[in-house]
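For reference, the structures are reproduced in the following blocks.
In what follows, chain A forms one complex with chain B and a second complex with chain C.
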Partner chain A sequence: MRLNNMKKPKIAVMYFPGNNCEEETRERCIEVGMEADIVRWNSKEDLSNYHGFIIPGGFSYEDRIRAGVIAAKEKIMESIRKEANNGKLLLGICNGAQVLVETGMIPGLSNKVEMALAPNTNPLVTGYYCAWINIKSIYKKTCAYNHLYDENEVIAMPIAHGEGRFVTKDKELAGKLIKNKQIVFRYCGNNGNIKDEFPINPNGSIYNIAAISNKEGNVMAIMPHPERASWQWQIPELKKGNGMASAIKVFESMKNYIEERMI
Partner chain B sequence: MGDVDTDLIDIKGMEDANLSAFLRKNAISLTISEAKKIVELIGRNPSLTELHMFNIQWSEHSSYKSSRHILKMLPTKSSNVILGPIEDSGIVELGYIDGERYGIVVSHESHNHPSQVVPYEGAATGVGGIIRDVLCMGAKVIATADPLRFGNPYGENKNKARYIANEVINGIAGYGNAVGIPNLAGDIYFNESFDDNCLVNVVCLGILKEKDIIHSYAPKNAEGYDIIIVGKPTDNSGFGGAAFASLILDEEAKENNRGAVQVPDPFLKNVLIRATYKVFEEAKKKKIALGFKDMGAGGIMCSTSELCSDADYGAEINLDKVHVSMKNLLPFVILCSETQERFTWISPKEFTPTLLRIYNEDFALSTIAENARATVIGNVTKKQDYVVKHQGKVVCNVPIKAVTNGISYERQLKKPIRDFKEPQLKEPLNHDNYNNYYSYNKIALKILSHPNVASKQKCYKHYDRNVMGNTIIESGFADAGLIRAMPNSKYGIALSVDSNPRYCRINPYLGAVNAVAESMRNVAAIGAVPSALTDCLNYGNPEKPEQFYDFAEGVRGIKDAAENIYLRGTKEPVPVISGNVSLYNESSKGKAIDPSPVIACIGVMRDYEKAITIKIKKANSLLFLAGKRKDELGGSIYYEINKELGKNAPLIDFEEQRNIIYAVIECIENGLLLSCHDISDGGLLTAIAEMILGGNADGIIGAEIDLCFSNLRDDKTLFSESPGFVFEAEEKNTGKIKAVFKKYNLEITSLGITSANGFLLIKNKDKKIIDLPINKLREAWTSGFPDAIK
Partner chain C sequence: MANVEMIVRLKVPDNVAITAFNTLKRMNYTALKKLERADYYKFDVSGNIAQFKEKICKTDIIINPNKHEYSFNLNGTINEKNDGKNNGKAIKIKMAKINLLVQDLDNSLGLLLTLKERLGFSNIIKLEKGVLWTMYFEPKFSPIEDWRKFCNDNQRTKQNDAKVQGLSTELIKIPPFYERRNFYSRDAEKIAEDIAKNLLMNENFQRYVVLK
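After this line comes the complex of A and B, so read on.
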């Protein structure tokens, strides 16, 4: 599936009405050396020109009915699904993750919606909760988004959501996700210890899940915001240097993956 | 004088009693003499539409009729001012980047009465309105901040105070998070003076190139240009909101006032903002000059008349073209309702199709909210009349300047009696009496858990503080928030808000001086240079001479402080570039709120990498004090927990403030400080404890302090709120720091060291005063606020 005459990986950052992280997400793609456009929900553009798609954070369709559910049923999502089925990258961040779960593409083991992102359980704040947390990369190179991470690497990121708790009714699903190495990032303490308690697990997600990929590894839903933690100056109490911080490797991994396989 | 095609209200012929009854029946709050003044001004009796129009334009909220002549005192014209407080927002210089001059756009408003009546919607629409004020200057909106004042959470109206606090916080979060503008700063005070009248102020920042400013008036040669409104379809919500803001809140009338509160739609606003950025882009590309204005108080009437009048044009409006969501709206309701999420554009005819396409097709507004769109509703006229048609009839036809000029009053001033005394408090017992309620340890914890001192992280965690990805220092991690101004530049913009109600209760002049000085210290404490101020002046009833005196004193205090703490490197004032006046903040029982001149200070940082926070960075570094501790505990938290107010609020020596602020900034710029905290509520003890804990309350490095430097009794040294700073530095830099301070004729005092022992230990020579483990400090500081709003 090589796209000819394209030197740089090219990403479409989607904008559904109510999304609000599209600018900074696009900026991070460009900073790691990719091209990126913001593509509106009602665009007639040919999406096959892109190597990958990001559905950014925000409140698409004001979270009507359930976060992500309306965007999941938009016509343009069908085109994106087709591209992803052909191996193109598809990353959903926060509200984008909610959209991908609602499409059934995450975890994508059947043609049905297998999981949900339920309201946070949090002893401090009910509803929307914005806080800095840590996540851990469980594997290396099992998907397009952990290509450049080491196993057990700890990454600081903020979460900013009211419904970010990965849950499922299927008792066997978690086991399958572990076996398939689909649980890409898990919430942990700042020294990497994984405990299922607040504030380490900030929303009550099962198995401390922060991000899940599909089995093929080209689609991932992540609740924390890597685009807000990609530079040292973005991270609280870190010396305000101008260097990159480890969350930027989510975007660098995408670039690396595309360059290895598609260009 | 122009004629209208509808019935006129016979103001000239009506008896005063009948006129008064007529005005009341029509919910018009004009006085009889004001109604008669309309006849004088327009040379005939007005139509009902015209009467409603003047009712809104002459309300306190829209006309500043009581405050205008006093506000003239404020300094607004320093060399860094790009635009003073005359349009929807003020603009101050950020700096030059690649030869282009960039400006920071700032607006500061209140939404007090709506938030008292329907707190969620009131607070949400406050955020919505302020974002429009900044956006309509042509700016990219980059941050908001919320200074809040609530009733006593432990007083007789505690349930209501807590309910309002929670709903207001949720409303701010519900709106700001959804549009996606980070919340950068804010403060919260509780006291009983706000029981019947909370204060919900909001500040918003934007950024632009000076050459891209879009003014709140029609461009040159605008005759015949289209007048376009865009956004939500007009309904009857918020009709009379401006007039409502200028009334005293009456508990029984509250039900009737609910209709005067607007309905927020952050989802539509999210799309509107993005579509509007596209219009900016297209207009720039095509080199088209436009006029653009928020639609807030007075709706279509206010925005269209001001856009045209301020460029010496008239306007002709056809209300039948306005997109509405309700049938059979009366003409004055369409004209004056304050439906949210709307803007007015003045556009040359050749650009109108592009503008309509962006909103109506590219961003398909009508699919976002029913019947939302951009519509041409009239045009700019050479003749300077304001003409409004409805169903083929002229319902308003008056000289446009008569609509926009407003009226003014010279209100009476009378100095109220303030008979306060200094209390004689017993000194607390030293550390050995740990379990005694009056031990230093217990009092320290009580101060840290006081809701006005305690960590507000629980509130801030409702707010999206890092959306847009530009936030460098979040609320609570330092005395000011800090945001990256734009990509590819190291400019940072700092923001802090301040006003201590109890200082203002004791002395409204000194309270205002302290608010200005503290907001500047807050910005300086991270290393940013105070560049501009905004003020939201929340006071009582201007018709009561004692309450109006407090207002005038507050303005005098802001003026004196702004003029005497110069802009860095000049003798110019730190300019006041935007502001708002909110009067009639009293309950129906006639009790005014504490005078509240809420000040925001905007700071500029050339290199955000130099910024520091309050959190102690390492063990075995040195702690210093700048700013002498004085016996001036009036209004302090220490007095408050002893149920006293006191008399001596902190005095500000302007020269010393100026020097201390610029010395601290210079030290931070030279990389000499590790952390720094302004001393304010709770005094020295609180400042040190907060430095140990840090914004996230996760600090593990303690401190060992010796108070031997002070001549005051130990409680006064620890709890006096005299202005100053505490900072942490490495020993090797002591000489350099002292040299910087010496340049400013100041000395610093050594307080002690930071330590890995996990305690805050305070002594005075051999006498042990306080020994508290960090987890005790943490527990007190983090529980005080959640407990207060539970």
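After this line comes the complex of A and C, so read on.
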């Protein structure tokens, strides 16, 4: 796919009522050299003008019924699905991840909803939980979002959710995801050690899953917030620094992937 | 030990139910005419049940009397309406009502612990909770083929079949009340289950049951 006359990758940050991370998500796209617009859920805009889409975090439709499910049924999601089926990038962050799981686009191995982001299991609190955690890039260049990460690179990010536990009723699904290299990021300790216990796994997610891509690698659902950890001053341990932090590479990877393949 | 079911509804407009209803309309579930939501609790309790009921409904964790109402009985009233058809002669049509309970597969123990340890409900042995969705479906005036299929499915007698064949199209569209209701209740339950699977629950961590 090649979009002519476009020098910079162009991203639509999709806004649904109740989202609250659209501005900083747009900022991160611009900071890495992409163009980005905030596009409202009821917009009639032609989405084919964009190279990729990000559904940001927040509480779309107040998490009514289940986090992400109402937005997943919105008409505009049909257009976004069509674009993603044509290879365009689609990233869901936190609430956006919940939307993508509820559409069935993640993990996207069949035409049905194969997973859920269930309420956290956490020995400290019931419901919403907010903390700094670490995730690890499991592979390099297996999808559009880990292009610039090294294998086993540890990344600090915050989580902020009540329903972030990846689960499935399909006992064979985790094996398929591993085989397909769809599990992009996993929760880990400071030194990259992966243990299925709190606080390393902050929500009880199966296999410590923090992010899953589709098989093709152009769609990803991630529960932690890379847009809130892209600069050193945003990270408590590094707050004296002014440089970029490693979470920005999620957005840089998108740019890199689009430039390599689409422009 | 006894079972106590408690249904807690909002007295004020329920935005979640309204959003769910509007979303279902967008998803073309046109037969659904009304949707209500309530919190559902089922307690296994030992000791004096009447005392338990009196005490539990005063617990402000479960019920805020300023915005909630409650009952210990699932059977609410079935709405009736005058559909304005039948040549201007008023007939009452009962809507098919389906109660569908959605529960998480791993029920949280948090509320049970709070009730037992902080609020002194030591006689609660087990607690189940969920969201009770009450769906109301209006009987539709079925196409003649549907009505005939219903007759066949229900192994109607030849005499009755002949009766059906002999009726005018208009009359066949409005079969006798009780038959129409049976036909639609069966249909309504199927639609309700479809709605549950497509919107009200995610089967990867939840389950549903139609409460009779």
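By definition in this document, the second predicted complex is superposed on the first by the 262 of 263 C-alpha atoms of A that agree within 3 Å, B and C clash if a C-alpha of one lies under 4 Å from a C-alpha of the other, contacts with A are read in each partner's own complex, and residues count from 1 in each chain.
We take it that a contact is a pair of C-beta atoms (placed from the backbone, for glycine too) under 8 Å apart; a residue touches a chain by one contact, two chains touch by 3 or more.
None of these values were measured; they are calculated from a predicted model.
Touch criterion not met for A:192: it reaches neither chain B nor chain C.
Once chain A of one complex is fitted onto chain A of the other, the partner contacts of A:75 are limited to chain C, with no touch recorded for chain B. When both complexes are overlaid on chain A, the residue A:243 reaches neither chain B nor chain C.
After overlaying the two complexes on the shared chain, residue contacts for A:65 are found with chain C alone; chain B is out of touch.
After overlaying the two complexes on the shared chain, residue contacts for A:113 are found with chain C alone; chain B is out of touch. Of the two partner chains placed by the overlay, neither chain B nor chain C lies in contact with A:175.
The partner of chain A that touches more of its residues, comparing chain B with chain C, is B. In the superposed model, A:33 makes contact with neither chain B nor chain C. When both complexes are overlaid on chain A, the residue A:158 reaches chain B alone and has no touch with chain C. Across the superposed pair, chain B and chain C both touch chain A at residues 61-62. For chain A in complex with chain B, the touching residues are 15, 17-21, 23-24, 27-28, 40, 42, 57-59, 61-62, 124-125, 127-132, 158, 160, 225, 227-228, 230, 233-234, 236-237, 240-242.
The touching residues of chain A, counted against chain C in their complex, run 61-62, 64-66, 69-70, 73, 75, 102, 113-116, 118-119, 121, 126, 167-170. Taken in their complex, chain C has these residues touching chain A: 15-16, 19-20, 23, 26-27, 104, 106, 108, 110, 199-206. Remark: chain B residues 170, 173, 177-180, 266-267, 270-271, 274, 362-364, 367-368, 458, 460-474, 477, 484, 487, 490, 608-611, 613, 615, 694-696, 786 touch chain A in the complex.
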